[in-house]
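These are the structures, in structure tokens.
In the two complexes below, chain A is the common chain; its partner is chain B in one and chain C in the other.
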Partner chain A sequence: MIKTEKLTKRFGDCTAVNAVSTEMHEGAVFGLIGSNGAGKSTFLRMLAGVLKPDSGTLSIDGEDVWENPTVKSRCFFIPDEPYFFKNATPETVKDFYAIFYPKFDRAQFDKIISVFELPPKKRLSEFSKGMRKQIMIIAAVASNCDYLFCDETFDGLDPVARQAVKGIFAAGMVDRKLTPVIASHNLRELEDICDRIGLLHKGGILFEQELDAMKLGIHKVQCAFSSPKTKADFSDAAGFEVIKFTARGVVVTMTVKGTRESVLERVNGLAPLFAELLPLSLEEIFISETEVCGYDIKDILF
Partner chain B sequence: MIAIDFSDKRPINEQIIAKVIDLAAKGFLPPGSPLPSVRSLATELSINPNTVQKAYAELERLGVIVSVRGRGSIIAENNEPLRNIQVEKLHAGLREAVEAARHLGMSCDEVCGEIRDIFDGGGDRK
Partner chain C sequence: MTSKTSSSEFGKLTMHRFRQLTWLITLWSAALFFILPVLQSMQLGLLMPNKSSHLSKDGVNLLLADENYLVLAGALVTGIIAACVVQAFMNSKNQNDLWLSLPVRREKLFAVNLTAGAMAVLIPLTAAYILASVMTVLTPDAAALFDFSAVLMGYLRAVGLFAVAYAITTLWCVLSGRTIIAVLCTLFTPAIGSATAGLAVLLVLMQFKTFYYTQQTMKILIELCPFAPFFATSIADKLITTMEIVWAAVAVILLLLSVRLFQKRSPEKAGDALVYSKALPIVKYPLVFLSTALGWVFFKLITSETGWAIFGAIAIGLCVFCLVNVLEKFDFRNILHHWWKFIATAAVFGLCIGILILDPLSYDTRLPAREKITEAKVYQLTINGIDLNPSSNFQQTIKDPEIIDSLYNLSQFVVGREEYLSYNTSFGYRNDPSDIPFSDISNAYGSKHLLYTVDYNGFIRQYSAFISDDQEKLLVAIFSNPKVIMKTNGAYTYTADEIELMTIEFSNISMSYTVKDTVATGPENNGAVGDVIYALRSGALTTTAEKLENAHLLCVLHIKGEDGKTVRVPVYDFYEKTRNIWLWPVIENHMLKTDPALIESIRVERLYDNFSQTVTDSTQIAELAPALITYMDTDYNPLISTENDYTVTVTYKDDSVSYPRLCDQQLPDWLKN
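Let's turn to the complex of A and B:
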């Protein structure tokens, strides 16, 4: 388990990560989202032991990460822009990482390289950006690490490679309880693969929740009544909190916090002509949640 | 066999549940037939294995599948829970259709007539 408490990192007078406390559990995918400059990369770099936190604590399975080769040999960090030595080839990358990762699987590295049809002896400087990213991911998979930190890893990959990599991650999760921590802008993609999501904003964690719980606790309701209704007709009650309300004639669309049952019961109690609960996408959940927090989503996500 | 529609707004675990129920109800997965393992389904579809696990747990709770030691998850021999789910679904569909017919001002006899036509194979008129 990864645990951070009030983790803080400053660069000059800019606080990149501000008192972030969170937990990430084994065998589950944690998604980190936030705008550019929200602190995602800084946070990941601290997890990976690249940066030293200014204050707060960070532990992986109860141990400090900073200057701790034992813990670091169980973690792999895929940076947004991978760095390779001059004249490096996939072969030398394999040799390099095999030094630091005791469980490094050379045969698997070779196998995935050939599946992705990457030339093993060609210089990486002659590779495309996406291919260099693939090499880094393949090294990460072959390292047999327990924790994988991905900084916008999927963004440079083509759709086929994306699906393949997700499949490889899935196998790792089942086989050795791999824990991927994925930072991304792509909400749609995170929605499909994450168990838990944390939203970073201006260095702080705005909220963090299980994706399922998030979806169960918030609903979009579309209903129609024989006479026009106002927001006052749907006053908040236990298990029913209207976040957003729009009425067009007799048709009411609203976003409500509450369980499916409590929301339906309340709406049906007002004898609608029809009432329908629609699932919310992750994007819609964030828009609702952040509006409640007083943030304009446009500032946060785009 | 179990396919996921990524543009579908329903969560992936719900899609898996619906798909398994559908395949079992139509007889493509007869009682006793094995489901793919969590690992193989997750890697094949490139989805989170925890999602598959959740879907299987819910299917087990519903009584549609059972997990057998050494054999993984199989479709339950007792198909009563499956039948109940399908009957419930049928009810919901009929209720919706009747509701729509009522809005059109059709009488019960007219609706029943339509249903009879469909039953007799003459319901394809457009």
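Let's turn to the complex of A and C:
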């Protein structure tokens, strides 16, 4: 388990990560979202042991990461812009990482390379950006690490490759409880893979929650009544909290917090002509949640 | 992780980094191949077989040992490059992300890089040395001349220089965080900077002034520059060798310091300096100052106008200043924020130029004021290569005011003839003979080349100029004051017993003769050596200014005393008595050996009756031998009368020959009429 407590990193006058406390459990995908400059990469680089925290604690399975080769041998960091040596090829990348990762699986590396149809002896300088990222992901998977830190990893991957990578991650999670931590500014990329989401903003973590719980606890309701309704008509019941309310004549669209049952019970109690619960995208959930916190998510992410 | 695993990882990672340096290894190996094996094979004559018979010990060893300057230069350059390349990851965020996320401790990573970089340079160097040495040993004529210890020292010197360059650059890489800054800092490390600046100033002075420096200053400059002692092995100074060892030791300390600083260096500082505020001025301002000075010199030389020189100084200085700032900040907008530094740089430059031109300390003006000179040393004084140095050796300090006056007159003579020296209105006199057009040498300047190095109160000035015959006479007149010479080198006060060796070197004929104290002749009965001293002294003391002005150098007498000192005494043609009395007789005297046992035959010819007889009988030789005398005997001994009618040729058993005269009183009866 990765645990941070008041983790802080400053670059001169700028506080890139400000007292972030969170937990990331084994075998679950943690999504770290935030706008550019929110501190995602800095947070990940601290997790990977590249940067030393200025204050606070960071531990992986109870051990400090900084200058701890034992812990770092169980982690793999895929940076936003991975660096490769001059004249490097997939083969040399494999040889390089095999030096450091005792459980590095060369056969698996070769196998995935062939699945992705990447030429093993071709120079990486001749690869596209997406192909180079694929190489890093393959090296990470073949390293058989326990923790995988991905910084904007899906950026640049085509949809097929993206799905393939997600499949590889899922297999790793099943096989050996791989714990990916994925930072991105694109909510849609994380929606179908993350178990838990944390939103970073200006170095601080705005909130974090299990994605399922998030989805189960918030709903979009579209209903129609015989007479126009106001927000006040819906806001008094326990376990039912209107986050967003839009009324167009007798048709009402709301984003509400509460269980599916409690929401339906409250809406049906007002005798609607019809009422239905619509699926919420992660983006909509975040918009709603952050608005509750007093932020405009559009200012944060888009 | 077990230690075995750890060491295995270290080895694998080192080899990985080593392979990353293939380009450097290839280039360096190729360069070394030409520098050592190829040049050495040329030196050994392997590429020119006919040359092999002329091999000398120096020819076999110098390229690998004392004069391996190309290897040293290569080791210096590759040391800087290797350090920059292997530590470049500190300057890049992307590389930091790769390296520092790996499960390896930072200091281990640093050590891996250091080791790989060192291997990339040292393995080719070692291989090239082994190859060149083996090739030398396998060459039949060269094997016996191969000096293993000297070659080993040459190799170690190259390794030491590499270590120094490598360590300094590594340290600057850690401190500066940028490759270009690290390289500049390496070249302008304070000691290096001071040495470079000092040498640059000296070069300017040498070109545009009478060249002067203090020997101590030069030594300090060399010793303080971490690279210079390795190149200064030709200076026979124990301190130079010591400084090589000291700097090599400092290199090790610097590497350890680099590791320590790297541990303290935050990864997020990639591309940033740890100590910019302290390090940068060390680089920037000497660089700007030197550039400004060079701008002045360049434009002054081209246009010969001060206005353009000022423009050149400002323009070049400003350009370099901007360039350094751009390298530092990559932001032109900040340049104007340094206005006060501009002013400070300009003020320093102006001050230096002002000092050079106004010469408030009388450094310029070609000569220091006479009243400031209390002692002097003459390191060399030659005319067309003939050594006329009156000092017994170059360590002799001259304090006698009269002698200093003479030397000062000589200095004035050399630099005072403005029409014969190239004059630059800003920097005074150029005294470089190469500056004089060759066609002018035989006309205005004459063919006599004067080289004169004198040390006035610790400031060494070197004069080098072509002089005409008239000037040479004046020079001789100034220099050849016998009183000065006698006081200076003591040659005239030697007694025969104090002289170990005396040789005569003739200036107009290719002849060198060693005077030996073998036969007691002459009025002082001190033998030939004493005769020479006596005659020389009498000649010198009767010298007049008029005679000196018309003098020509006849020969130079080299006298080595029992105390080990060697003095050189010029002998001029107006020393008539000296020339006639002792010069030739002395030579003849030494050729004459009167021991009958040594004589093979004596041929006697009589002019007036064409009588001639060759005596080979030992009895007759024994009778005739006492009559053999020298010209000196006849001139100095009034009791001796000479039989002038005879010409005598004595042939010795060692095939030498002499031509003595015959003493009338000792003539045997069978030879008389």
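By our rule, the second predicted complex is superposed on the first by the 302 of 302 C-alpha atoms of A that agree within 3 Å, B and C clash if a C-alpha of one lies under 4 Å from a C-alpha of the other, contacts with A are read in each partner's own complex, and residues count from 1 in each chain.
Keep in mind that, in the parts below, contacts are C-beta pairs under 8 Å (C-beta built on N, C-alpha and C of every residue); 3 or more make two chains touch, one makes a residue touch a chain.
All of these numbers come straight from a predicted model, not from anything done at the bench.
Engineer: Looking at A:Y101, would you say it contacts chain B, chain C, both, or neither? Reply first, second, both or neither.
Structural biologist: Only chain C; A:Y101 stays clear of chain B.
Engineer: Should A:D175 be classified as contacting the first partner (chain B), the second (chain C), both, or neither?
Structural biologist: It touches chain B, and chain C stays clear.
Engineer: Considering only the touch criterion stated at the top, classify A:P120 as touching first (chain B), second (chain C), both, or neither.
Structural biologist: neither
Engineer: For A:P279 in the superposed arrangement: first (chain B), second (chain C), both or neither?
Structural biologist: Only chain B; A:P279 stays clear of chain C.
Engineer: Counting only touches as set out at the top, which of chain B and chain C does A:P82 meet: first, second, both, neither?
Structural biologist: Touch status of A:P82: second partner only.
Engineer: In the superposed arrangement, does A:T70 touch chain B (first), chain C (second), both or neither?
Structural biologist: The answer is second: A:T70 touches chain C but not chain B.
Engineer: When the two structures are overlaid on chain A, which partner does A:G49 contact: first (chain B), second (chain C), both, or neither?
Structural biologist: A:G49 sits against chain C, while chain B stays out of touch.
Engineer: Which residues of chain A are in contact with chain B in one complex and with chain C in the other?
Structural biologist: On chain A, no residue contacts both chain B in one structure and chain C in the other.
Engineer: Given the complex with chain A, which residues does chain C contribute to the contact?
Structural biologist: Spelled out, the residues of chain C in touch with chain A are 1, 5, 9, 12-13, 16, 20, 92, 94-98, 100-106, 266-268.
Engineer: Could you pull out which chain B residues touch chain A in their complex?
Structural biologist: 6, 9-12, 38-39, 42-50, 54, 99
Engineer: Sort out for me which residues of chain A touch chain C in the complex.
Structural biologist: Residues 11, 45, 48-52, 67, 69-73, 75-77, 79, 81-83, 85-86, 95-96, 99-102 of chain A touch chain C in their complex.
Engineer: Note which residues of chain A are touching chain B in the complex, please.
Structural biologist: So the residues of chain A in touch with chain B come to 27-29, 162-164, 166-168, 170-171, 173-175, 192-195, 212, 215, 274, 278-279, 281.
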